[in-house]
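We call the chains A, B and C, going by the order they appear; numbering starts again at 1 in every chain.
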Amino acid sequence: MDAIYTKNLTKEYDGFKAVDNLNLKVEEGQIYGFLGPNGAGKTTTMLMLLGILKPTQGEIRIMGESLSKNPLSIKKKIGVVSEKQYLYREMTAQEYLNFFADLYKVKNKKNRIEQLLAAVDLLDVRNRKLGAFSRGMQQKLGFARALLHEPELLLLDEPVSGLDPTGIKQVRDLIEKENKKGKTVFISSHLLSEVEKLCNKVAIINKGKLLAEETMENLRKKLTEFTQLEVELVEINKDILDALSSFEFIKEIHQEKNFLILKITTDKDHRAEISAAIAEKGGVVLGIKIREMSLEEAFITITQKNISLLASNKEATQ
Amino acid sequence: MNEKGISLSAHTMKVLIKRELISSIYGWGLYIAVFISFLLSSFILRNFMRGIGQNNIFISSYPLNLPLFISVVIISLYLVIVSAISISREKEHGTLEVLFYGPVSSSSFLLGKYITDMLLYVIILGFFAVYFLGVSLLTNLGFTLALGKAFLVSIFLASCMISFGLFISSLTGRVRSSIVWLIGILLAFLGIWFLENIFIHIPPESLSSWLLYIQKTLSVIYHFVNWVSPFSYLSRGMESIRIGSIKPFLLNIIYSTIYTVVLLLLSIYILKSKGVRA
Amino acid sequence: MRLKRASLIYNIIFLLILIPGLAITSSAQQEEKQPSINLTPLLKEQLVYSLNVFDGKGWSGSFVPKTESTIYLIANKDNAICAKKTLVYFWPITVRYIAAWRTLDEDVKGVLEVLKDGKIIEKLKKQDTVLCYPEGYWGEKVVLYKGNEAIKWYKKYKKAEDEYYKALNKYYEARIEYRKKMNKFFEEIKKRREKGEKGPLNIEIPKEPEPPKPPNFFVTEPRKYYVLNLPVGKYKIRLRAKDKTIVEGSEKELLVFTARRREGVGYEIIPGNRWTKREECNDPANAIYAAGKNVLYFRPYRQDEYNELYHNKLLDPQNRGRIENWKWVHTEPIKNVQLLLFSKDNLLKRIDKKPYKVEQIPGPELGYNIVEFKKGKLPGEKPTFEGYQLILSENLPEKSYRIYLQKEGENNNIISTSEREIRLVKRRNANFLFYLSIFPLIIGGVMFVLRYRKIEK
């Protein structure tokens, strides 16, 4: 049985397709990464999976049940952590979890709440008003809320956003722990690094369309199909550029002062061929370095080198 | 909705109501509103007692109904504001979205809000009962059957106010716009009433055709407003107690119930179609 | 997009406002152009109905302008009605049309047809009617007489009036005679004193003539009216002219109604400190709240309960009222009863009706005293009012009393609808009400402390 199954899922806003014929298949027990740059349609998809937004077209099945037919009982099987936590500021952490435990009819709620508060390191501040919580604490509390009713499916939207490294580790451990218990985890993120250590399978979406859906292993392979060479020259002329362009294994040439950044296939070492070609055209090679391409860079390559994404990546990693 | 669905919604409503009620009970708003209403009532009652002192007698079946009416108006204003911002505030703060991640539907959420505010009014009625009993003991102005009836009718009036507030709230996504809409609509009602009262003193034959058109239009709007404004239900309800006849009393209860049901259904529909985000 | 949607909403609202107004005023558009507002009363000739209708107690007059489509009458009583042409103007201060009868008062001739369910059930011709005031012109009671009876009463009154004037002439002559006799009387005294007579003179004092009493009733001049006496129901009336056509503007709806409850007991209460501002305590649910030292005079009446809208419209068709409201109308004073004052189940006092006189306090001080009226103080002197005196005070042992009426000479049966509660209010406690209003804040404070204790700082 698929934990999440969507067929031709589409959401249109006044003629603009935020999600375009999206077909997803998340198997039970998987940790599924849902990647894409900002504005790609991830949140819209998440909201449709939660029944908060009505699809313009298409079908959603969660745990084998049609979402449109039985939304309330399906939602009881889902735990959600959004990027930003929306809390009742006048409540304490204990009261907040108590409220949601009641809402989801959690059995033995006292123990469960204590256990989760301990897991996210908030047990000591359980009687503090949520208005006084830091962003990281709020995020961890959101996690506790999402896990409260032991959901079969966890939908996580940018789950580690705003967390410090310890917090990130705590959350990752929690996700892995829950996954080991047999829970399916669906992580939506614009950072590949955030999901690459956790996910078994990844889907990449951009402009509402599914670009790729691969196992993490395959994706890694595909993303590392190319590498970059950094060639330092005394001088760069047009003849050199023309000569390099004629090679099939060179996919992209980018000039930075007296450096040439070459994107090449990784089938074999092409450095000798490149030096020979440059020398033939009168160029003087000062050095050639292989520039390791991270998954992140590869992901950006796939999603069309989104500049805004680059900016937000920097922010996120700072 | 099947039986399981209904029981799930009922449970959801119960939990939502509990949270909201506790939040209101621990807040100051409720107590301040009741205090202001009692302060005004006490002021009116003191003048009223002075009036009886000067005139020596006062004849009435419902001596405490005017102070009760004032108290109900103040509390209604409080309730209409509380309900008018209740949905928009949750939308604006995002808490509504979080609720909808779980087993909360538009109808259970809205009915939960409605019942919470109604229960809040029942609590307020408890305050009223204590206050008016105290007034009766202190002054010997009787805690009459008419006052009991006024209590009963006021529940339906509160229901109109709350559903009106929730309707406004469902239309808007932010607290500020809810307040602006609420004040705007109430001022419009007041303006129409004021203009209609000006025009009624002008003979139709003295008006030019376009003024006559305005007069007739205002008259139509005025009658329309009489059924749309929750305050009309309030004054009609108190009037039905003054009349002491069972028919208008029951009719008013029926009209208020229909008004509430219609507005709640509209609010649920609007919330469903506009979504949970601000 | 938002702007587009908002403008669409505004357009819809604008159309919603526009359409009903246009529909209603379409007919008015055809009229000639006028200045925007003209507040000078415009006199317009109209066919109106002049009425003398039974109002539950007696007969009272009013008129029905063109704008009122329905005439309201009480069932099974004679009601006089007449179509007239007159000039009518609108008076904005009272929001009423007023008939300028002095300028134009012209009877419209014809036969009055009464229709029920579209069928003519009566064709009425005008007949003589008079209003008779059996207690005199200023008396409260009025009776309508019609036909021969009307003429008989009018003649009776005329005869009584003629006799009175004749007696008055005789009286004036007798007074001239009396003055002459008095002059002679004083001259005789003067003469005999001048002659030196002392002691009693034994001269007969002339007797002063007594003025004749005017008729103790009054009857108006006979006027030709249609007399309607119909059972409860909805009817239509119209006037058919001699040429068999229906007189334009004469068609009106007729709503004939009756009392909902009869034989109730209502009280007019005269407070001792402001006898001109009387109070009414008509509804059986009414309680009388009294403060301080209080002398109250109760005047019980029989009363019937009518629909407020119908009765108000009956008194004046331009009146307003609510169809859901009911009002008590005093029909006649209740005689030969005693007022009983009870505290819980104990009879405290039986009070008899007595006449009272309002006497101005002599001197520069303003004010008056109400004293029991004693006959024979001054010739022709009458009591100001009659009533049952009840003296209340803040110092009475109980805070609540009840009053009832009982027929004189009976000891068991009380008139059930006469029960009223009297509550003595505690004025001194009025300021404590403010302390009472603080208690929600105290509860709020307690809740705040409870919450504060729970929360970690």
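Keep in mind that, in the parts below, contacts are C-beta pairs under 8 Å (C-beta built on N, C-alpha and C of every residue); 3 or more make two chains touch, one makes a residue touch a chain.
Only a predicted model underlies this, so the values are computations on that prediction, with no experimental measurement involved.
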Of A-B and B-C, pair with higher C-beta contact tally: B-C
Of all the chains shown, whose C-alpha centre falls nearest the centre of every protein C-alpha atom combined? B
Can you check how far apart chain A and chain C are, centre to centre, with Cα atoms defining each centre and the answer in Å? 87
I'd like to verify one number: the distance from the centre of chain B to the centre of chain C, where each centre is the average of its C-alpha atoms, in whole angstrom. 39
How many Å are there between the centre of chain A and the centre of chain B, using C-alpha atoms for each centre? 49
Using the touch rule from the top of the page, what residues of chain B touch 2 or more other chains? 26
Per-residue multi-chain contacts in chain A, two or more chains: none
Chain B touches which residues of chain A in the complex? 50-53, 71-73, 75-76, 78, 80, 82, 84, 86-91, 99-100, 102-105, 145
Which of the residues in chain B come into contact with chain A in the complex? 4-5, 8-9, 11-12, 15-16, 18-19, 23, 26-27, 93-95, 97-105, 275-276
Chain C residues touching chain B - in the complex, by the definition given at the top: 17-18, 20-22, 24-25, 28-29, 31, 33-39, 42, 44, 90, 92-93, 95, 269, 271-274, 277, 279-281, 283, 285-292, 294, 296, 322, 324-326, 399-400, 421, 423-427, 429-434, 436-441, 443-444, 447-448, 450-451
Which residues of chain C touch chain A in their complex? 1, 454-456
Parts of chain A lying in touch with chain C, wherever the complex brings them together: 14, 92, 125, 127-129
